Amino acid sequence: MKAGTIALIQYVTAILMILLVSWHVADRIPWLHGVENLPSTMSPEIIYDEVERFWPLLILLSIAVVIHGVNGLRGMLLEWAGSNERLRFAVNILSILAIIALLLVAIHTIVGLPELG
Amino acid sequence: MERGKFRFASNRLGVMASFYPWIIDIKGNPERVAFTLHRLTGVILVGFIALHIVSTNTPARAGWEAWVEEVQRLSGVNLVSILFFIAMGALVFHSLNGIRLLLVELLALGIGRPEKPKPPYIPPSLKGYQRTLIYVVFILSLVIWALMGYVIFLM
Amino acid sequence: MSGVESVEHDVVIVGSGIAGLRAAVEIKRVYGEKVSVGVISKVQLMRSHSVAAEGGTAAVLYREEGDSFSLHAWDTVKGSDFLADQDVVWLMVKLAPEEMRLLEHWGIPWSRRPDGRIAQRAFGGHSFNRALYAADKTGFYEMQTLYNKLLEYDGWERYDEWFVTNINIEEGEFRGLYALNPRDGNIYLFKAKAAIIATGGAGRIYNFTTYSHSVTGDGLAMAFRAGLPLKDMEFVQFHPTGLVPSGILISEAARGEGGYLLNSKGERFMARYAPQRMELAPRDIVSRAMMTEIMEGRGFKDPVSGLEYVLLDLRHLGEDKINEKLPAIREIALKHAGIDPVEEPIPVRPVAHYTMGGIHTDTYYRALDVEGRWIKGLFVAGEAAAASIHGANRLGSNSTTECLVSGRIAGMLAAEYALRVKEARGPSRERSLAEEDWVYKLVRRESGTPSYQIRRELQETMDTRFYVFREGDSMRGGALKIIKLREAMRREGYVEDKSRVYNTDLILAIETLNMLDVALVVTKSAIARTESRGAHYRFDYPRRDDSSWLKHTLAIRYGEDDVSLSYEPVRITTWKPTERKY
Amino acid sequence: MVFDLKAATRTPPKVVKVRVRRYNPETGSSWWQEYEVETYRGMTVLDALLRVKAERDHSLVFRYSCRMGVCGSCGLVVNRRPRLACQTQIAEVASEGRPVVELEPLYNFRVLRDLVTDFTEFFGKHRAVKPYIMRRDVREREEPTLEYSQTLDELAEYYEYSLCISCGLCDAACPVYASDPNFLGPQALTQAYRYVADTRDELWEERLRFLDVEGSIFKCHFAASCSAVCPKMVDPAGAIQRLRSTLLKYKIRLYRKTRIAKVVPPMEKREPPKPLPPEATLVEGVDLKLIEEEKPVIPVEKLLTT
C-alpha cells in the first residue's frame, strides 16, 4: 500500500477516535450513571446495556484503535529495522497478524457477550 | 574509490533521539518534548489497548462473575489501578496532542505563513499558534489527568 | 605505491563555482550522454566562493525601456579604464540576457516587479538600472540553480574535496591533471580530452579580504607552474566596504539602496570625490576616497585589530527597507560584529575583493601560451580567466555575468573539442611519479617551519604593501620579502600531520605554495607597471599613461623565483580611450 | 534558529576550553581533546578552531570555507546543538560560569575524521527529490524567449525554502533521521516542497507521486528540531507539513495546482535608448547601430582546428 494511503488511514482513524474515545471514556464518569465510583460504572448491567445499544460504535472504535495503534508502533519498529529488508518484512507481517488477532478478540467480546443471568 | 583500509564511524544517535529529547540541546523547541511524549504515550497505549481488548473479553470468555471480580481490582490504590491511571494519562495527552498534530500535519494550520527572514529569526512554524497549543495541551492534560486520578483513586 | 591510478572523462572541470557549474550544465544539457564530465572541486559542490556574491548580475534585459547593449558595453569599457578588450566585452554583453532568462527558467528566485517581470536595480558604475538580483544572495542563488539543474542529468561524476595539484601540458597540448583524494591520500591522474579551469581568483593572498578561506589561487598557480602566462595580475580590486575586522563583504547594494559613507566628522565625504555619482561611483574611486579620508585623519580606529575605518550609515533607510532589501547585510552585521545597522552605522574599510587578472585567454576563453597559440584542449572560465572584460577595474555585478557567459562558452567549446578528439592522451609515467614526490616530500620532512607562519607573513606583506595605494620602494621591499618566503617554504616547509585521510595540513601547505606563486606574479607585474590605472594606483606615478601602458601584462615563469614579463596590446574595436571621470 | 542578539554581543569569558571529539580513521579510535583558547569580543567558534589549528595542533581537521554563513561547510555540534561554527559567537555558547565549548561532528552523519563528516548520503537524498523545475515546454526552458511571469505573492510562497545552504544541521537534529537511515530528511523534503510551491514547476503531480513512498514525508512527526536549529530560517518543519497536507489533499482529489507560470508578453511601451555620454568617442569607421543589432557568433569550427 502507498505510504500516503496508510498515512490517510492513520489520520482518519485518529479523527474517529477523538470522537469515539471521548464518548467511551466519558461513559465511565460515575456521575452520569449515578453511582459512587469507577468500578460501579462497569457493572454487568451498564456494560450489557451499552453493548446492546451501541455495538456498531464499539466495533468501529476497536477497529480504529487497533489499526491506529499497531500502525503507529509499526512505524517506530520500521525505523529501528532500518534497511534490513527481512526485518522490515517481519514487522509488516506481524503488524497485520496483530491487527487481525486483536480485532477477532474484540469481535468475540461483543458477539459472545453472555445474556445477563 | 575508497579503499577498505580506513574505518569511518557512524555518528547516528539512533532510537534514543526519539525517546530522550535532551540528547541534543532543545532550548526553544518544546515541539521536541511533545514529539517524544507523543511517541512514549503511543507505545504505552498500544500495550494498554492490547490488554484492554483481552480483558474486556472476560464476560464472553468466562462469564459475568469473572468480569465483576476483574473490575473490582480497579478500586483502591494497587498495581492495576496505578497502571490504569498511567494509561489514562497517556491517553489524555496522546489525544489532546493528537488534535494539535491533526491541525498541523493534516491541515498545515498553526504554522504561520512563509516569510522572509528578519531578526530575531524565528521560523514561522515555531511562532504559529501551534506553539500556544502545546502549552494548552500540557496544562489541559495535567488538569484532566488529575480529575481522572480523583475518580480512580479517591471516589 | 605502484604508480598512479587514473580516472578518465571526456571533459574535466576544475572548480565548481558559477563558471564551473555553468560549463558542466552547458555540456550536459546540449551534449547529454555523449560527453562525460568530471567536476573536481576542493570543496564540496555548492560550497564554492561564488555563493558569497551578493549584489547582482548585470544584463540588458529590457531594451524597450531605454537600455542598450552599447550602453552596457560602454560602461564596462569605461569602468575598466580602457584596458578591457572590447570584442570580449561585446560578446559578454550580447550573451548575458539569455543567461539571465535561462537561469530564470531553471528556477532562480529573481526578485520581481509587481507585474511579474524581473526587477533590476542600480549598481555602481552602471548608467542604467540593470543589475538583476535575488534579494542580496544573488551568487548563492545562481550556484543553487545551476547545481540543482546539473542534478537533473546523468553521466557526470563529482569529485568533492579533491585537491588538484598540477595540470600537465606537453607539446602545447593538455595532457591530464593530478588530484589528491582526501579520503585515501592517493594522487589520481585525470585523463581527459579537454579541461576547463574555473578555480576563481586568489584573494586569500591578502588577509583583509572578502574571499572564502578556500580562494588561494590554486588554478592560477598551476597554470603558472605549467608555463602558461598570467595576464594583468597587478590589478586587484578593492571593494570599498569590508566589515571591520573580519573583512566580510558589505554588498554594494547597501549603497545602491541609498546608504551613506561618513567620516569621523559626520560628513558625506564622497561629495568631494565624485559629486555626481556620490557613493555609487566605481569601486576604485570610492576605495581611494575612503583611504584618503583615513590617511588624512578623518577615520576611526578599531581597538582590537588596529584597523582604521569609516562608517557606512543605513539608519535613514528604516528597519522595513533594510529587512526587505538588505536582509543579509543586517544578518552579517548582527552575527559577525554584533552591530544592528538599524541602530548603528557599520564600520567599513576597503577590502581585497576581486582579481581582475588571470590565465591568459583569447576572446573565447581558450587558454593561450605567451606567443598566442592555443594550448589544445585547455579552456579557462570565470574569475580565473583574463579574457579581459574587466581590464584594470571590474564594474560591480559584471563578475557573475562573466562567470555565466564564460562558463557557457568554455563548456560548449570543450565539449565540441572532446567530440572531435579520438582519445585522451595522458602524461608519461615518470611525470606521474614526480607528482607524487612533489606532494609528499612536504610530509616526509621531519621538521621545519609550518606553512601557517609563512602564509601569515605573506598576507601581511600583501596587506601593507600592495593595498589600495602602492608605491615603488615599498613594493620592491615586498617582492624581496616574498622571494624570501618562497625560499623558506621550499627549504623547510613542514607538514606536521602525517595522516593520509583528510590531511588538511598538507593541503594548506600546498595552498601556501600556490599563494606564493601568485603573489610573486602580482608583485612583479605591479612593480613593472609605472602608471596608475583602475585598481592599480601608485603614489609615484599617479597618472594614467596611455602612450606606454595601454597594454596587458603577461607574466610567465622564469627560473625558481622570477617571472619574465611581456606585453600585449589592448584590442580597441569601438571606443577610443578618454579620461575617466564620474 | 532563534537568534539571541544580547548573547551574541556580550564579551565572552577571557579564556575558554575548547573540547573536541576527535576521530582517527586509521586506527578507528575516538577521544576527547581539550585546548585552551584566549578569546576576544566578536570571536566565533570557527575563529577559535582556526587559531587552534594554526598555533596548537596542526592535525586537527574540520571543514570551513566562506566564514560568513552562506557556504554551509562548517556545520558541527556545539554544546550538543548543531550550529554553524562561523556564525556562532563564543559568547553565545560559553559563559563565565561554564567556559567550555564542546565540539562534536554532526550527529547522524558518518565521521570521516575529527569533525569532518560524510555528506554523500545527504547529497544523494537531495538529488532524489528532483530539485529542479520540470516543464512540459522543454524547448522554451532551454531556449528562452522571455521570462516566466511570477508575482511577488507567488515568489513569497517558496522564497523562504530556497534559502537552504545544505549545511545538514536539520538532519543532525532530526530525531527520525537519527533512527531511520531511509528517511529522506528535512533538507531534501523542504527542497521538494520548494519546487511544488514554485509556480514555474509544471510537473508537480509527478513530484507528489514519487514522494508518496515509505521513508518520505510521512515519517515526519513535527518535532520541529530542524526549524529550531536551521541557521538560515528555512523552516523545514513548516515546509514538510505543507507538503504532506498538499499531498494528502491531492490524494483525495481536493488539490490542483491552479497557477502555472507562463512566459510574459513582450513589453509594449517603447522608450528611445538612453544616449551614450558625450565623452564616448568612437573609433573611425565604426557604426554603433550595426554592432548593437548584430547577433553574437562563436566560430566553433575555426577555433578548434587552428
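Here the chain labels run A, B, C and D in written order, and each chain numbers its own residues starting at 1.
What we mean here is this: contacts are C-beta pairs under 8 Å (C-beta built on N, C-alpha and C of every residue); 3 or more make two chains touch, one makes a residue touch a chain.
Values in this document were obtained by computation on a predicted structure and should not be read as measured data.
Novice: If you tally the C-beta contacts, which comes out ahead, B-C or B-D?
Specialist: Counting C-beta pairs in contact, B-D comes out ahead.
Novice: Can you give the whole-Å distance between the Cα centres of subunit B and subunit C?
Specialist: That pair's centroid distance is 54 Å.
Novice: In whole angstrom, what separates the CA-based centres of subunit B and subunit D?
Specialist: 33
Novice: Please report how many Å separate the Cα centroid of subunit A from that of subunit C, as a whole number.
Specialist: So the centre of subunit A lies 66 Å away from the centre of subunit C.
Novice: Distance between subunit C and subunit D based on Cα centroids, please, to the nearest Å.
Specialist: Comparing mean C-alpha positions, subunit D is 22 Å from subunit C.
Novice: Give me the residue numbers in subunit B that touch at least two other chains, ranges are fine.
Specialist: In subunit B, 5-6, 15, 18, 39, 105-106, 116-117, 119, 121 touch at least two other chains.
Novice: So which bits of subunit A are touching at least two other chains?
Specialist: Residues 11, 79-80.
Novice: Going by the touch rule set out above, which residues of subunit C reach two or more other chains?
Specialist: Correct list: 135, 183, 331, 334, 340, 501.
Novice: With touch defined as at the top, which chains are paired up in contact here?
Specialist: Chain pairs that touch: A-B, A-D, B-C, B-D, C-D.
Novice: In the complex of these two chains, what residues of subunit A are touching subunit B?
Specialist: Answer in residue numbers: 11, 14-15, 17-18, 21-22, 25, 28-30, 36-39, 42-44, 47, 62, 65-66, 69-70, 72-73, 76, 79-80, 102, 105-106, 108-114, 116-117.
Novice: Residue numbers of subunit D touching subunit A in their complex, please.
Specialist: 176, 179-183, 212-216, 218-219, 244, 247-248, 251-252
Novice: In their shared complex, at which residues does subunit B touch subunit C?
Specialist: 1-3, 5-6, 116-119, 121
Novice: Show which residues of subunit C lie in contact with subunit D when the two form their complex.
Specialist: For subunit C paired with subunit D, touching residues are 29, 43-49, 51-52, 62-71, 74, 78, 90-91, 94-95, 98, 100-102, 104-107, 109-112, 114-118, 127-128, 135, 137, 140-141, 144, 148-149, 151-152, 160, 183, 212-214, 245-246, 248-249, 304, 328, 331-332, 334-338, 340, 364, 366, 374, 409, 412-413, 416-417, 420, 450, 452, 456, 495-497, 499-505, 572-576, 578-579, 581.
Novice: Which stretch or stretches of subunit A touch subunit D in the complex?
Specialist: 2-8, 11, 75, 78-80, 82-83
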